[in-house]
Each structure stands twice: as C-alpha cells, then as structure tokens.
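Sending over a structure as structure tokens; questions will come in a sec.
Chain lettering (A, B, C and D) follows the sequence in which the chains are written, and residue indices restart at 1 in each chain.
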Amino acid sequence: MKEEKGASLMGAKRLWLEEEIQDDLRWLYSVKSILHAEVSDFQDVELLETGPFGKVLLLDGKLQSAEADERVYHECLVHPALLHHPNPKKVFICGGGEGSTAREVLKHKSVEKVVMVDIDKVVCDFCEKHLEDNADTFKDARLELIIDDAKAQLENQRDGEFDVIIGDLADPVFGGPCYQLYTREFYENIVKAKLAPGGVFVTQSGPAGVLAHTEVFTPINRTLASVFPRVVPYLQHIPSFADCWGWNMAFKDGSEQAPLEAAQLDKRIEARVAEGSGALAFMDGLAWVGITSLNKIVRKSLEGEKHVLTIDSPKFIHGQGVKQVGF
Amino acid sequence: MKEEKGASLMGAKRLWLEEEIQDDLRWLYSVKSILHAEVSDFQDVELLETGPFGKVLLLDGKLQSAEADERVYHECLVHPALLHHPNPKKVFICGGGEGSTAREVLKHKSVEKVVMVDIDKVVCDFCEKHLEDNADTFKDARLELIIDDAKAQLENQRDGEFDVIIGDLADPVFGGPCYQLYTREFYENIVKAKLAPGGVFVTQSGPAGVLAHTEVFTPINRTLASVFPRVVPYLQHIPSFADCWGWNMAFKDGSEQAPLEAAQLDKRIEARVAEGSGALAFMDGLAWVGITSLNKIVRKSLEGEKHVLTIDSPKFIHGQGVKQVGF
Amino acid sequence: MKEEKGASLMGAKRLWLEEEIQDDLRWLYSVKSILHAEVSDFQDVELLETGPFGKVLLLDGKLQSAEADERVYHECLVHPALLHHPNPKKVFICGGGEGSTAREVLKHKSVEKVVMVDIDKVVCDFCEKHLEDNADTFKDARLELIIDDAKAQLENQRDGEFDVIIGDLADPVFGGPCYQLYTREFYENIVKAKLAPGGVFVTQSGPAGVLAHTEVFTPINRTLASVFPRVVPYLQHIPSFADCWGWNMAFKDGSEQAPLEAAQLDKRIEARVAEGSGALAFMDGLAWVGITSLNKIVRKSLEGEKHVLTIDSPKFIHGQGVKQVGF
Amino acid sequence: MKEEKGASLMGAKRLWLEEEIQDDLRWLYSVKSILHAEVSDFQDVELLETGPFGKVLLLDGKLQSAEADERVYHECLVHPALLHHPNPKKVFICGGGEGSTAREVLKHKSVEKVVMVDIDKVVCDFCEKHLEDNADTFKDARLELIIDDAKAQLENQRDGEFDVIIGDLADPVFGGPCYQLYTREFYENIVKAKLAPGGVFVTQSGPAGVLAHTEVFTPINRTLASVFPRVVPYLQHIPSFADCWGWNMAFKDGSEQAPLEAAQLDKRIEARVAEGSGALAFMDGLAWVGITSLNKIVRKSLEGEKHVLTIDSPKFIHGQGVKQVGF
C-alpha cells in the first residue's frame, strides 16, 4: 500500500486504537492518521496509518488486515490449498472483499476463473481504490466479483464446479450471520457438493495459539473431519492479530500425500506460481513444514475435540481482531 | 468552529487520545477525525474532532483548547481584567496565538489597540485558518500580531504603555522557556513597568482544584502579591482540562473596589462589551461572585503560601493538559 | 483512613483502574494495592490504594468515595441542609452505607437521632471495619442503621417525623432501582409528607459541570421545584469524580432567607457544629457563596429546564463515577 | 502455581496492567489481585492474579512468566539443548532465579549437578516461596544456587566444566547490565571455554515474530555463528509475551545431526526425561520440527544478518515484556 494524503500526527503515542482481544485482554496500537473512512449498509470501513503495523483496514473498528503482515495471513490461506490441488482452474472465494485473497489466487498460472462473493460492495470498492497492492487484482479478467451472500451464491453454482473453495469469512460470532458457514450442514451440503473431484476446501479457522486454539480452531477441524476424508490443520503467528491464526484444509477425495513435503511444495511453487518463489514472501516448503508440524498441546486438543458444529450446536468466539470481510 | 472535511470514524470508542494529567492520572477521550496537522519549529499543531469536547486544538499532543468549553476559559482570562479597569484602551497579550484571547479582548468597545506576541507563526496561521470563530479576530485592524518572544517584546515597549497585560502562556514546566514569565523578576521589572497607571495584569495560573491548587496557583498568587498592592485569585472548572483552572489578577495601584460586586460587573458588561451580555456565554456578575468566592481549602493554602517564584527558585508543574500557546 | 496492610506495588503507572465517565471519555488512575474486597448480594465492594486519590471505595468497580476529597463531597451534601434548618433534631438518610454522610450529620450538636437506611449490609459492615474515619460514626448511639430499601422504610415512618432528609443515593441509571427516588411521586408523596414543618430535603443530583449539568442536575431541580416552594441548587468540583457535582436543597415551607449569607452561615457553624469551623475542611460562609453563585450557562439551563421526572418519564445518566451506596 | 490468599477483585475489566511492547504498541491484561509484592536491591518483584494468563510474575512491572504459558517458554529453552547433548551431567544456568529453568533441567535423569547463578536473592526466595510448581526444584540436592553476577561466576569455573550452559537472562536493553552476556567476547572467552567437549549452549534470544525478529534474534544468531561451528535458531509463539520468542542453540564441536529428527527426539525424551513424554506439555519431536522449520521471512533475515554483537557494537531492544530474571 502506498503512502496517501491525510492529516497526520507526527508524534507517536498520542492516538491509540484499542482492540479487545478478549474481554480481559486488550491490544493498543498508535495511530498516525485516518486515511479514508466510509460507511456501508453493513459496517464502517476505515483505513488508518498506524505506528506498528503500517496501514490497517478496519471493519467496525476491528483490524482485518495490516500492511505489515497481511501477506503472511493471505499466503497461508491461499497457497497450500492451490498447491495441494493437481491443477486448480476454478476457484470460489467466500468473502474476500479486501482483494488480497484473490490477489494470491491469481498468482497461480493454472487459474482460469475466480468467483469472489462478498456481501459488501462498499468494502470492495474501498479496497480496490485505496489498497494499491490489490488494484490490479480487481481489474484481472479472470476475476468475477459478485456482491451477494456467499452461501446463497455458492448454493446456486453447479455441483462439481470448483477445484478450490476458500472460506475468507468473519469468525463465527454470536449474533453474526457467519456462523452458518462454519457448520457441518454447510460443509456437507454445499461446499463438498460444489467441489470438483479432487477438490480442496480451505477456511480460516480463528485464533490458534496455545491458549485460544480450542475456541473455534479445533471444533472447525473436527467438523470438517466429519465430512471430508482428510483434513490438514495448520497455524502461524500473525503479529497484528495478537495471536497465532489457524486454517483447516480439507480434501474432497482424500489425499495420501497431504501435507506435501517441503521439496515437493517448493517444486510446485516454481512451476505454477507466476515469477516462482519470488512472488511469495513467507511461504515455501520449509515454512509449510513449520506451520503444519503442530505442537503437543494443539495436537492433543485436536485429538480430544468432540464438538461437531451444526446449525443447532454452533460455537461462538469473542469476535474481536478477526477477519470480517464478506459473508 | 465549523465542521470541516476529513476522514472521520463513525464509531465511538475506537480511537483514544490520552492525556497524562499527572503521572498517575490519565484522561482519555475518543477521537473521530484528524482535521488538520502541521509541524512548526516549536511544536506539532493539530486540530482533532473528538467525542466529548468537539474540535480540540493540540500542541505537542496536549489539549490547549476545546470547542466545548474554550469560551469558559477565555472569558475568565480576559473579561475580569478589562472590566476592572476603568477604561482599557491598550492591551498586551503574552502568547495567545490561538486567537481566542484577542477575540474576547476585542469585544470591549473601549479597546483601541491589542498587541499580541506569540513565538509560533505556524500556530497563529493554523488557528486563523482553521478556527472559524477566530477568523475575524485575526483580521481586526486593532490587532497587531508580532511573532517573537513575548518577554523580549514586552521589555522593548515604552514604560506605562498598557492598560491591561494578559499572560496567556504555557505553564511553568521543567525545561520549558516559560518559567521566567512566572517570576517576581518578570512581574516587577517588566510587567509592572509597562502597565499604565491604574493598569491591570492577569495571568492564567495553572490547575486550581482542591487537590492541585498548590502546584503553581498559590505560588503565582504569592509572587504577584510581593510585587502588586492588590491581587485577586479566582478559579473555575474547565471540563476538557480535567480540573478547575486558576487565574490571578493584579492591580498596579491597588483597587479598593476589587473584586467588583455582581451588579457593578453586570453594568459594566452592558456598557462596554459589544452586544452587551449577549456576547458572553459564561461570565456575568453572579458567575464572577462564584469564581472569586473561594472555598476554605484553597483560601487556607493561599494564606499559608510562602513561595515567591524567582529565577533562582522557580516551581514547575507536571505540565500536561495546560495552555502552551506562545511564550 | 489509615494505612492498611496488603501486597502493594511500589512502581507507579503499572496498574490502572479505568472509569468510563461517558462512553467517549475515560478516567484512569493508578492503583498501588487492593486493600480489601468483598462481594455482597448487590455489588462488589472494594477498597483500593490509588496514586492520585489515596484510598478509594469502589462499588461494582465504580469510585464512590476517595480519601483525597470525600470530605468536600460530604460536607456539601450535609451541612447546607442542616445549617439552613433552625434546629435539626431528627435526620433521615436514604442510602449512605459508607458512613460519611452520617459522620457529618452527627457533628451537629442539635441532632438527636439519625435514621440511615441502606440496602447493603456488606457495604455498611465493610466501611465500619475499613474506613477508620467512620468507625466512631457507626458506634454513635444517635445512629439507627436499618438494612432495607430506603423508599419502603421512609414510607413507613410517621408523617412529619424528620427535620432533614438526605438523599445519598446512586444516580438514576437505566435498569437500576434508584430512579424512582428521583421522581415527583417520591418527592411529593413520601419526602414532603415525612418532613416536619420547616423541614429541609437535600439530594445529590449528579454531574453539574458546564457540559454535563443538564443530564440530571437540572431535571432534578425542576422536579423538586414542582413540589417544594423553594429549591436551592449548588455545585462544586470533586476531582476524583472528574467533574463538578451538583446538589439540590428543597424547603418544605419555603424559606425567605435561603440561601443564607456568608456571615450567617459562619455564625451557625460556630454555634451548632461540634468543635465549630475547625470540624469542617471545605465549607464555610464564603465557600457557600461560591458554590451557590452559579454561572450563566448553568443558570440558563435551570431556567429553561422543562422536564419533571416522574415514574412514567424518568431520565437516566450514563451512570459511571457516581454515588451508588444504598437505595 | 496454586491459588493463594489476597484481596481479589471479582469483576473483570476493572484493573489493567499495561505493558509497553514497543513505544507504539501496548498490551493490557486485567488483574484480579495482587498476591505478593516485594522490593529487592535490583527490582520490584510481584506476583499478580490476572484474567487471561493466570498468575504472573513481574519484575519492575514487566511480565516475566505466566502460569498459562511459562511451560511452553521453559520447555523450549531447556529441553532441546539437553536432548541434543549425548549425556548431559553438569548444567550451568545464567540467571533463572524464577526456578522454572532449573525445574525443567532437573527432569533429565542424567543430570548430576546444576549451578544456577542469579544476582537477586529476593527473586529466588520469592519464587521458592510463592511459585508452588517450583518449590521442589529449590530443594533438589542437585541444584547449587549462587547469588552473584552470572558472568563473574561462570568465568571462575574450571574450563571444560559444563555439558550444557543456558542463558536465561534479561534481553540486552540500553543501560542494563545484560548486554555483555550477548556479545562475541562473552561467547568466545567464557561460554565456549567453560563448555566440555561436545557441549551445548542455548540462550533466549528475544522476540522472533515476522516483524520483530531482526531486533536481537538474528544478531545473536550471527554472533554465535562467528564463535561456534553450528548454531540452530528456533522460535515459538508465547501468548503472554504478545509475540513469538526466539532461542539459539550452539554446539561447541559442531553437530552433524542437529537439529534432531522428530523420531530421534521422541526417543531421547522417553529414555532420558523422568516420567518420559508425560513430563512435557509442549515439546516433542513434531513440535521440535515445527519450531525449527523457519519461514522464508525469518530465514532470509538470518542469512542477511551481518551484525556481530561485541562490547563495542552492541544492540539493544525496547526491553519490555522480556525475561529479566538474573544477570
């Protein structure tokens, strides 16, 4: 993201943005300027210049994405799923209005079509206009952007249509509409049906540090495992989120070889990603080994998790500091 | 101050400006937008839109003046001194770059000339441009604005030149240049000399609540009392300063009748202030009685105060949340 | 309050207690130690050692009373009403479990009986035990402490029983039980009925600074004025409350002479208060003139106030940083 | 750590402890009670009960260790070094007064002697008394605790004395004494000399997230690599430190096989650690693979790092939220 105009505070430590990570834990970062602010039918949309994280995108005052580390988040969300698919051509993104997820998907030379469904046109227009790194993404001829409810749109697609489906949605928070997209019903009846043979689904899965990983990360894993023959959980620390973050990747038809070994992943990056490994800041074979080699605490929780999320037995998270683009 | 353009946060309670009132006491108010920001040779100058206090002017991140209550502060600073003088024509303002002090002075029909000396041209230009209520003040033909050190400029004036001298300066903080303007030397050698017969001097005198009034309010009173035959201390709560504020008014030749009774003050307001009492929001005879009728705690401290401030025995304040325009 | 034992943090600026004055304004003060903490059926009761205000009593985390300035609050609440009554013998306190209100009442030599009704036995016991300044108060033979609902108890008293009734209750906050005790119905049907001829009622009336005084201070004044022939409003800055505070004093049968002049008040203090003026830290004749001589902004609001508070048209305050002892 | 007595706040979100992670980034966690507090010649020592992290040990107000995740930190610090040594008998700990490092070391059945040198007797006594999990550690006959400067004590040991040396010291902060223990001189002249053949040195190395890892983590790695033939860097997220943390493990005589593969590490844990893998909460073979498989961003920084820390060219860190036990 490029430097933009706006009245800017020179002095650090004057203005603070406060995130409530939990009701007993807060994260405060200094703000230098308010670059842009709009209001949509769904949420307030803001771009701020901060001290520790550079430009940050806020929805309803919550950090969604920070210049300093959004590549780490989005590379983890996107590349493992596409690299584990033998030849991904059609990709569906639930949410993703910020554009960064599509940006990473479009780095894959095999991709012919990306359908991205976000409910908030204001967010999409705002990010197209103000996030310079994503400007080309919105102009890419392979991208079809639909402003609508992601679940409804996915439901209307032909069965077996997509090689990869990506869940870039808000966490399941109480009272929010997203919780349905983290249920066995959604995974079984919609996601699995719309995946082509060999298809891969990946979803962001909330905080995954040694203290918070049982909130939704392990239940989502368990839920996917009740639907898909193989699920790979992984996690990585994202500084601006003040915690590790988790993802779960599920294979429609199983995958003996998942997770890929380091050398294989590196080879696929070179072959498939435009500009090869130079295009990726964080992810490569060794990083992949690192984020999938889970520690004992998290593995034990995954093994012990019994909660399959359904419409009638959902689970909610405190809901701060999480992705909320589109639903 | 009129609404101005700028990216604005809709949601309350996201961005907080933190003032350190004391090292163990903080005042946080929400900020909606950063309207304007500049940097001078002396300080950062900022105008913010806040939740509780409307637009606020900050110097180096410290609140100087707030749309919500600056009239209370400036009416208390200016009108008592001018109303206690029989016929004020020439007024000198030490500091005051914000323009609000001059604005109140110029409401007095008798005033023919105001010399305002502020060290920071950027502050003066900034306030002339951005504080709509003060725009006319800077254009008033009776105002002479000099960008310089107030002490040096006052020293160079002819003796007996001014009917009223107003100290609208930063508090005496350690390491700051202003402490000299709160000393017996300054009052004796410069202020008293430059006052015409019957002249009145008034100075802001720092926080004056029941807990903080001995920091500088009572020492300034004692110091003035060592130079002038009659000194009237008074105080009023200013919400955005998070405390009561104090002023001391000194008479070159004594004044049997000071402080004026309510009815007398009201009469003078009607006779002398353009548009009469309608021009003043806070001050009138009864308000004047209220702010000069000090409680037992403060009176006892005033009586017991021994500290005469001199160049060699100054006293400093924590220095947050105080007036810092010009010196 | 005397120093008490407890693990204490030596370093300032580590632990902060946060009060939400308004939803866009916060007050943070450093805490050195947690001296005592209990839980009642109604609220959490805590005594903390703070940096700026010494020991403070908290109910549900909100500051009720601070060692540094509670005398200012309680002298303003109690002495004007008793001093304006010709010969107060019987006093009823609604709330007041902290004991400080009764402590001030009992300084009046004429007082023969004080009935204090607070709903929370834990608060009363806690304060008797831990607030050293109030220990003797709870042992005073003239004090009858009843643990119950103040409204119900007052209703059950004989008509014309009390010379002075004091409302030392929580502010009217939404969802709280206290709002009924700030209505025309309560004042008309209960308070006025229980006052003896010549009786005086006084109630704390919420924040009263130039910005906040219309929240409940002026409506309470208007409501009392619809019931009593004469009402005297007054206000004083209380540092630990981060604002001026207001009170309204009402006379059952009118009072030509209220408010008393300074000299009269001083005379009555000497004659009636045990140990005379030495017993009072803040209040005397001149202080009384100061706090009753209201400024133009507040007077204008009082004159323009139309809202009579009734059970069907109450008004609520944000409800932080206010007295909540007993209801 | 077991529940201890002390006045405790029931309500969450009242008292906040504020850590300055960077000057533009703060971490606030709620505090329920102050369990114990002492003052030593070197620092304030405090044990608090917090909302998100359970009991936490603070030195000079900075979090050193939290009940919720201290095992993660200390298992990462201790076990890799001991498990990579063929048969560790003698271990030296620089700092470590909290006792947790020694506790982990003493789980190794091969260990015959642990010399722990911490400068602050008060910290050691405090932790022995108040950290229940470490009480037995301080009584273990194999532990020799010396209160002194760690560098001076290590220097006085016989050359080749120790199989493993552990640096559990404060980060190199400006003005602090510890920076000398992060220099080439210390590693070359003292640490390497005191290691027995085949000896292993490990040191905590500051924050190591994708944003902060170049502060001291990569310079320490580069410095060790200028002295030792093989150095293994690794990192793990520690929630209470609000970042990933880094360690560097160095081999006196090189080690073809470091880092060990998962199966080998698991085998050694079973064979050498008392109670086997059951004794460890976080660490095992797969966790070890995860924390040593560094991502591209960190690897690139390690490769590009040129700064060898010496007495004349040290590097400092902001110094908050870091280990400061002993120096």
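Heads up, the rule we're going with is that a contact is a pair of C-beta atoms (placed from the backbone, for glycine too) under 8 Å apart; a residue touches a chain by one contact, two chains touch by 3 or more.
By chain, UniProt protein names: A, B, C, D = thermospermine synthase.
Values in this document were obtained by computation on a predicted structure and should not be read as measured data.
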Strictly by the touch rule at the top, which chains does chain B share as contacts with chain C? none
Chain centre separation (chain A, chain D; CA means) in Å: 33
Distance in whole angstrom between the CA centres of chain B and chain D is 55
Mark out which residues of chain A touch at least two other chains, giving numbers and ranges. 13, 16
Run through the chains and report each pair that touches. A-B, A-D, B-C, C-D
Contacts from chain A onto chain B in the complex sit at residues 6-11, 13-18, 31, 33-37, 39, 44, 46, 58, 60-61
Complex interface listing, chain C residues touching chain B: 12-13, 16, 22-30, 50-52, 68-69, 72, 209-212, 236-237, 239, 242-244, 262, 280-284, 286-287, 289-297, 299
